[in-house]
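Chain nomenclature is as follows: A, B and C, assigned in order of appearance, with residue numbering initiated at 1 for each chain independently.
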Amino acid sequence: MAGIVAVAPAEGQLAGRPAALWRQLLRSPRGVIGLAGLVWFVGIAIVGAILYKNPLPTGTTSASVFLPPSRTYWLGTDQLGRNVFDEIMLGAQVSVIVGFAATAIATTLGAVIGITSGYFSGPTDTVLMRGTDVALALPALPLMIVLAAILPRGLLTIILVIAVTSWPGPARIIRSGVLSERERTYILRARAVGCREWRIVGRYILPAVMPVILANAALLTAVAVLNQAVLAFLGLGDPTHASWGNLLQGAFDGGAMLQGAWWVIVPPGLCIVGLVLSFTLLSNAMSEVLNPRLNPS
Amino acid sequence: MTLLAVDGLSVQYRQGNQRLQALDRASFEVGAGSRVGILGESGSGKSTLALAILGMLPPNGEVTAGTVSLGGRCLTDASAKELVQVRGRDVGMVFQAAMNSLDPLRPVISQVMEALMAHPGVVENKAAARQRAAELLRMVEIRDDYHGMYPHECSGGMRQRVAIAISLASGPGLLIADEPVTALDVITQFQILSLLERLKHDLGLALIFVSHDLGVIANICDEAIVMYAGRIVERGTVQEVLRQPMHPYTEMLVNAMPRLTGTRGAFSGIPGSPPSLSSLPPGCPFHPRCPVALAKCSADEPTETVLGSGRTASCHVVAAGVST
Amino acid sequence: MRTGSLRSVVAKRLLWLVVTLAIVATINFWLFRVLPGSPLLEITREGRLSAAAVRELSNSFGLNRGVGYQYLDYLRHIFTFNTGLSYASQVPVTSLLFPALVHTLILVAAAEFLIAVFGVWFGVRAGAKPGSFLDNTIVTSAMAFWSVPTFWAALLLQLLFAVVIPIFPIFGMQSLSAPASGVGHVTDILMHLVLPAVSLAIVSYGQVVLILRNSMTEIIGEGFVLGVRAKGVRERKVLWGHVVPNAFLPTLTVLVLSAQFLLAGTIQVEVVFSWPGLGLLMVQAVSTRDLPVLEAAFFLIAVAVVVLNLIADLLYAWIDPRVRFR
């Protein structure tokens, strides 16, 4: 039945019109700002990777510790006398890499489970969903802390730990999307005509829920960046690679608060906020594009 | 005695940067106790008319011209506060698919009670409201043991009857019903229509009945107004309009109804579809689909030709026929 | 067509609670005892402890017996609340856990209160006029605050109000100089509570605002709002009597899901302000490798979250009559 193709999705069905969605996204102010922010930070990460290498040089005397911003040190120095500005440039990579990698894993896993569960229903669905429910019931940060404490320190651990706690969300959301898509007339027609199930999933269901997957992925990336920062701050991050969270952790433990060394505290946090906000805005803009009711014209 | 007078009412909707003329200079009157049917397809402006009367247009709609007066009081100029007092009290409204006009979180009797207590003087206290609500529900033939139910536990017909009870709670003189039976099966339709008939009889209720269903309007109304693309194209008594339609659109509508008696013939319909409001044809909006269109029809908009007392049609062909 | 009773919903949920707790306990067991490289096995193998200590640890954790036996032993320990001794301080773990739990609950309650008040207030204002300037301002600022890592918000507040403008205490729950009971005691605790609670609330209120605003926009678009207006009900009553209650239902779900978010925030805030709660306890246990404490704290937190979910589910069923049908 290779030649049989189901009739195109009914009007109002946004799947299969990615170009139109893209254009709408670019028209919304939040979408544009989000994208701009994303490009900006990825740019910083790339520049930082080229210009600097781990580890950064520490200060030579105790007087070089916690120096306020000056012409030599644009953002001052940290508890070990290192140049804060350099650290921020260098630390961008970790946030970006962990954010994307953890999200990719979690989304893929969530999509596989969500689509299988939603499309094939029956006992598969029940088992998978019960499993997802239990996974959702486990508190995220405590679990991440425990896992990060048990497993060897490193970037890969962080990525895995974050992915492991993030997949249930997308699984549920994608499953909902699949459930509503599955009942559409064009799918029923495809099945009535004898189209094989996996083909239907690949050709129709997947593209149809792709917008939902992507909007959710943007949000997930925001969460992943936040989680990486938190884990680093709690001392569970990767000590060999500079990151914004590590920077804050070192400063806090090193007594930055009591010294009033705001230059070590404020800039890394602003960067984290900036990156997370970019993804949040992007995700918000994407879901508005998908659900115009929330955005009265 | 005229209860409601609509004069030159025009309504526009804002969509993006476009303005759509959903209603164009509609004028008609409703006398006390009379039943007026507003007939038209989807997009003809009939629902807009119903909503505009009570100032209940959605946020992107506005009245751009004309007036609506109720018993001498002007509603189009009225403030939001004054409108709130009119709604439910002087004019009741029933919507299509009443399943959606009831709050899913409250039992039906409490929603009737809310209608009773919304206006001062209808009932003295909550207990009286509960009693009266129970009476109203009984009046629309809902058994006592169903009074405490939630909307999702009731059938479509029951919900519609609850909506009718709600609309009559404060004793309005006029009821506007927008496609009240469209979403129901034929048997339930019959029940609801009989109910409306009985209410008219017992309460002397005036009725504006909006529908696309010729048969239903023929059944329950005295007068008929036909709408197309936001304009009134024909009006008269139900007998006149349906037995001797003057406007080509009305004539084709009437002919489109299959007959159970008489000789068998082919089905007839109206070719084409109603124009989109964003791209109305020039002149008479019906001319692209009209079998008897003249050259004039694509250029000038027709005005109302008076054919008798309360009988008009907006059509160049009719106008030409009258003047000869 | 009668409704399902509230009782059957409760019964079903309680059953699910028990099943979930059993699964959580099993996962906990697996994490700490069975997982290769599990800290207990690691420690006993590392040789940092004397042979006698290793034997004692192995015995108390049953490591020298089969996995099945360990599991049963573990379950027995749970039911008798026997969580062993803290490795670091040699006191019973329970004596550390429960005071910490209380302190955390105080913090969470204070934060939830602030979140509920500000979240609902802003959420309804935004939802009532979607697309307006007010709406956009509220939504954008809510999103901005949500993007802030809780620990950073805590750090900033600490910097600002404890170091630069020293109004509030910088850490801990009580000052040494404060009275041990009475009004002075309570006031002292409240003063220490302000910064941590505000840090928590500021980051999390945005979620409530967003979800409430979105569901209000949806509800207002639904038909029954028109029906209520047609009765002649005043606009304020339409909003608060009908739209908000209906909009609250999905909000409730998110409030529960966001409890996890709040939990994550609590851990961070406790670390920054040295607030002696479960979060701080857990993080300290990681650095001292105090495994009995870590394991028990994790389990306790997991149980708390599951119970919270249950309460929210039941609340939902009570408010929304449609849910009882299931």
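Heads up, the rule we're going with is that contacts are C-beta pairs under 8 Å (C-beta built on N, C-alpha and C of every residue); 3 or more make two chains touch, one makes a residue touch a chain.
Bear in mind the structure is a predicted one, so any value in this text is a computation, not a measurement.
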Open item on the list: Contact counts by the stated rule: is the higher one at B-C or A-C?
Closed with: A-C
Task: Chain at maximum distance from chain A, centres defined as averaged CA atoms - done: B
- [ ] Determine the centre-to-centre distance between chain B and chain C, using the mean Cα coordinates as centres, and give it in whole Å.
- [x] 53
Open item on the list: I'd like to verify one number: the distance from the centre of chain A to the centre of chain C, where each centre is the average of its C-alpha atoms, in whole angstrom.
Closed with: 22
Task: Shared interface positions of chain A, touching two or more other chains - done: 296
- [ ] Spell out the residues on chain B that touch chain C in their complex, using ranges where they run on.
- [x] 54, 56, 80, 84-89, 92-93, 95, 97-98, 100-105, 114-115, 118-119, 149-150, 152-154, 163, 166-167, 169-170
Task: Touch list for chain A against partner chain C, complex - done: 30, 133-134, 137-143, 145-147, 149-152, 222, 226, 229-230, 233-236, 248, 252, 257-258, 260, 262, 265-266, 269, 272-273, 276-277, 280-281, 284, 293-296
Task: Of chain C, residues touching chain A in the complex - done: 20, 23-24, 27, 31, 35, 37-39, 130-131, 140, 143-144, 146-152, 155-156, 158-159, 162-164, 170, 214, 217-218, 221, 260, 263-264, 267-268, 271-272, 282-283, 286-287, 294, 297-298, 301-302, 305-306, 309
- [ ] Would you tell me which residues of chain C are touching chain B in their complex?
- [x] 1-3, 222-224, 226-235, 242, 245-246, 319-322, 325
